[in-house]
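Below, chain A partners chain B and then partners chain C, in two separate complexes.
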Partner chain A sequence: MAGMNLTATAPRGTRVRRRPWGSFVVLLLAAVYFLLPVAASLWFTVDDPAEGFTFDAYVKGLGDDGLATSLGLSVRLGLATVALGLLLMVPTMVVVALRLPRLRRVVEILCMVPLIVPPIALVAGVSTVLSWEQDLAATPFYRTFQLLQNKSFPLVLVLVYTVMSLPFLYRSLDAGLRSLDLKTLVEAARSLGASRTATLCRVVLPNLRPAVVSGAVLSLAMVLGEYTVAKVLGAEPFSVWMVHVGEFEAQVSVAAAMLSLLITWGLLLLLTNLAGGRARNRRKTTA
Partner chain B sequence: MAVTTSETAPAPGAQAPGPPAAAPERRRATRRPGTGPHRRVLRWRWPAVVPFFAFMAVCFGLPAGTMAYNAFTVVDPGTGASEHSLENVRTALSGAYATGLWGSVQLSLLTAVFATVLGTLVGQAVLASGNSALRKAIVSASGVFANFSGAPLAFAFIATLGTTGTVTRLLELQRTGFSLYTFTGLVLAYLYFMVPLMVVTVLPALDGVRTQWREAAASCGASRAQFWRHVGLPVLLPSLLGGAVLMFGTAFASHATAAVMTGSSVPLITIQIANALSGNVLVGQENLALAMSLNMVVIALLVITVQIPLQRRSNRWLG
Partner chain C sequence: MTTTAPKTGTAASAAQPAGPPAPSGAEGARSGVALRLAGLRRAFGGTTALDGLDLDIAPGELVALLGPSGCGKTTALRIIAGFETADAGELLVDGEDLTGVPANRRDIGMVFQSYSLFPNMTAAQNVAYGLRVRKAAKAERAARAAELLDLVGLPGREKHYPHQLSGGQQQRVALARALAIRPRVLLLDEPLSALDAKVRLQLREEIRRIQLELGITTVFVTHDQEEALSMADRVAVMRDGRLEQCAAPGELYERPATPFVAEFVGTMNRLPGTVREGGTVETLGRRLAVHGTAPAAGTRVDVLLRPESLRVTGGDGAAGEPAERAAAEGGVPATVRVVTFLGGTTRLHLTTDEGAEAKADLPSWEAAAFTPGTRCTLAAHDHTVLVEETAAR
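Entry: the complex of A and B
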């Protein structure tokens, strides 16, 4: 009871004294938990029990042909996924926001459904559909199926990844569209004689840039680290190569894992800079 | 595209010379008295959304539909004849597969609870420090670590706590009987990407707990613990449960981290599905994988439906 009175009479004093310690301890423990594996992994890649300090793992990894091929495939898959996702989602969401508000819930639910179907379940369905190939040998679909599973660039992965990236794209585009007065913008552009395509490309898109960038970066990060779908469908992008190489050279795959962390970090840094730069510009112009 | 241009064609000629303000009116005027205004409008609205629905139908509807249909189909390997039955679903819910499903649910529940509590603690610690630079740094670090899952995460943990891991050797953890390739090891690894995800998810909700509420509680004589017990947590509860549902879904769906780290030594449904898919020995095995996938979807659906009424409640307070 006495303690309660004390807090009531001097709430500020007790708060200032108490809080930083608790949060300091929590943040310190979190920092240890999150930085330790990174530091330990970095040490693991450069420490050889027999030879001591060495950069062998990096030399070997960079010298492996698989690295360039698999990383290249991952990047191409990521860019294709982002392009397809944006091409599908931007026009759809702009038109739905402007003209078809009735469809808003339907589009939202459809975009969120991939969250309920785990990637492994989705790819189980996809591989069953792909197994129809033999039954379709006599039809024109056969070529489509072969094209989808082309080893050097499996298009089917782009399709599955696009489905998996819909929740990210929907969320960021939805947030972006909510922050705009889309109707006024479009009406102004149209009344000044801009065509629909010009309105979309030169008025709506530049205003949606932060949303587009954040959706794109999150999808790209997802694709670059994806393992399950690619593995089941027999492709070898970066993460599958990383596991493959780990069977012989544990150090190389840990080095690759660190590279992957670096790539994610770089991508998200890019995102904050691109999106943040935009916000800063806007503030400057309104001030 | 042709539809769009035919509708656009008169617009530039009519609008460009006239005053801009007149244009919307003219458009409305041509639209309203017409005999079929609805149809005319529909004609150019729909082409923009058709690709999306077509894409969803083919790339999501087709595999998902196949999954639901084939899960209830049994193919006789001898004759190739197929019939409808509950056989696959029954197998997927018994024996080793039931253990796997239960293991996945346990792992997801445990990690979801831990991630929710720890993520909220870290989020609150960041807010309480009142340092905006620190907050920015932690938010961006959380973004990076939340995306650092799957194979790379597994290797980072193998290098740290695996049999020959740096920390294992340094602290001689083997003597204590600790092994990364167990349920405990998986919990440790999963929290590595789930806690940051929770921090990012919960920060906006924690921001919504107003200082005024705290001051009001304090001036009524409430201690800090009483404030959280009677005001803070009840207001945050829907958001926290929503976060926990998201955490459960994330943990439940993840496959790569466990597959790379533990192989099949910890029974998990995702790994069993992958094994059944790559086994390619029996024709029926594939339908079994689909039945297990269907079970996963059903569980995910059940868990997510919990969230919908909660979200409405949290929007009222923290919106």
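Entry: the complex of A and C
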């Protein structure tokens, strides 16, 4: 009755707000699509047909020396890639935005090339160049080639991953720069007496922080999951170790994948929080 | 009106005196420095933005650079700030040549057209940024920021971030930030253009108050003539990279040097006329003195007259034939087309029987007698006028 009364007294023209069932359905479907494989993998790692529910796969995986070594290498490669990529891209994009806006399109096309070139083609080229090592034995470049392929930290992977991360860094930084009136901010800082370095460090970078973090998160996620290039170049980061283990111990491999998922999410959450920290502080200050 | 209009309409700028007059009012409080722009030239590709700009600004004076888009006013300001380099010419501040000095070593404060506060800093941090760059002590920075935020009417907003401030408040903070470094010259690049009308009016009065209080030499770029006329000691009207006229607001309005200035500042009628002997021009049924050298007798010219320089008589209920009335009153018969109420005054849009169109401003109480279609007499008040040869248009 109450409902009938409400309907009867609602002013003409007032639209009754309906529950967004459609949105719930879409959300539910998306959640199922993403979570079902994770749940299935999780079930696979803890369900043993002989012993029933068990964490043996996790115990074995965590006990394997290869896990820490390969994961450590992946994280180091990821951080080095992010550092090199940002060092390369932030000044480039700031200079292009301020001084050479006509080059913006050229830089964009160059940075998008890695999306078009398949990693296997990229690494084939790199392998060819690395094969010149023997021809260069009598030159100073020999040492450089050796250093690039150092097993404990293959710098060549950092270089290749930096190229592969360019699309992510470009898109994030471009969005960040477009959201700022960079020219005015830089000119304001300069008129107040700031040098170019001080302007970049105290004005440009802090305001680009969300874009920088976004690009870093995407690049890091890409490096942590990359398999093809690392495998072809003979390195053993986490992804390669996982496949290797999976060849003879499928449950341990999937358990390691679940652990890597947690670690990756943790890292991404940490980076995202770093970016959001300042915004939260602002809200607290003025609350 | 000071001179006869040159055929090109620009030659008057060459005759403009370089030295500024003593600024009016509050002279005693002024402690700014002199600014001199000498022969500044700047071209972007094939476009000439500045074509030999000369301008002297007295210590503590506020000069507005006024002109249409593309006239070079912003380029001039950016050269003073150090964001652009002049192809030729000199920039002297207090006698010191700053032509090659980078922007961050000029000690010139600037308020920008768009909101330019650093989004990652609070209002106080923004204001204190220039002092931080100069390695001032933290306590000194905080005290100066509080003092300046108080000066611009924002006490207690030290901890607010730019996104928590309105547009007007952001421009106040930007002004405080520019003043915090005790600049030798203050540059204002259309700082009010993004604000709504009420805030703009309020802020322009405050900027003027603060400028007079501090006695700081200020260059103010605007395309809004009302802003320029109400705030500046002198207004420099620019066109095509050159100075057309630089004068006090009253002089600029009453005695424009060129037809361009006359039409750019305020509203101006162009009425057909014929030059007669004795340096006079005949228009609207009477002879008016031409200021300066008049063209040869018989030349057809446009006579420049402000709406308030026109007289409208007759109106609804007036007796007699319009033509007879006009002849008796020393004017021409006309018909009111549109009546626009402007508050204290009302603007009548009229067409004479010969087909010339004119705007005339009357006190609103007097204009009540006129409605669209009213037959009346249009005449000019007796004074000297600026003329331009019709062929030159």
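In the analysis below, the second predicted complex is superposed on the first by the 228 of 287 C-alpha atoms of A that agree within 3 Å, B and C clash if a C-alpha of one lies under 4 Å from a C-alpha of the other, contacts with A are read in each partner's own complex, and residues count from 1 in each chain.
Everything below uses one rule, namely that contacts are C-beta pairs under 8 Å (C-beta built on N, C-alpha and C of every residue); 3 or more make two chains touch, one makes a residue touch a chain.
Since the model is a prediction, treat every value here as computed from it, not as a measurement.
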item	value
A:M242 touches, of chain B and chain C: first, second, both or neither?	first
Which of chain B and chain C A:A124 touches, first, second, both or neither	first
Which superposed partner A:E226 touches (first chain B, second chain C, both, neither)	first
First (chain B), second (chain C), both or neither touched by A:D181	second
Winner by number of chain A residues touched, once chain B and chain C are compared	B
Partner chain(s) touched by A:P206 [first = chain B, second = chain C, both, neither]	second
Chain B versus chain C as contact partner of A:S23, first or second or both or neither	first
Which superposed partner A:S152 touches (first chain B, second chain C, both, neither)	neither
Which superposed partner A:L100 touches (first chain B, second chain C, both, neither)	first
Touching partner for A:Q134 - first (chain B), second (chain C), both, neither	neither
Contacts on chain A seen with chain B and repeated with chain C across the two complexes	187-188, 190-193, 195
Complex contacts: residues of chain A adjacent to chain C	180-181, 184-185, 187-195, 198, 202-203, 206-207, 209, 278, 282, 285-286
Chain A partner contacts - residues on chain C that touch it in the complex	81-83, 102-110, 112, 114-120, 122, 129-130, 133-134, 159-161, 164, 174, 177-178, 181
Chain A-touching residues of chain B, taken from the complex the two chains share	4, 8, 11-12, 15-16, 20-21, 23-24, 41, 44-45, 48-49, 51-53, 55-56, 59-60, 62-67, 70, 118, 121-122, 124-126, 128-129, 134, 138, 140-141, 143-145, 147-161, 164-167, 192, 195-196, 215, 218-224, 249, 252-253, 255-256, 259-260, 270, 273-274, 277-278, 286, 289-290, 292-294, 296-297, 300-301, 304
Touch list for chain A against partner chain B, complex	3-5, 7-8, 11, 15, 18-20, 22-24, 26-27, 30, 33-34, 36-38, 40-41, 43-45, 47, 87-89, 91-92, 94-96, 99-100, 103, 107, 110, 113-129, 131, 159-160, 162-163, 187-188, 190-193, 195-196, 218, 221-222, 225-228, 231-232, 239-240, 242-243, 246, 250, 253-254, 256-258, 260-261, 264-265, 268-269, 272
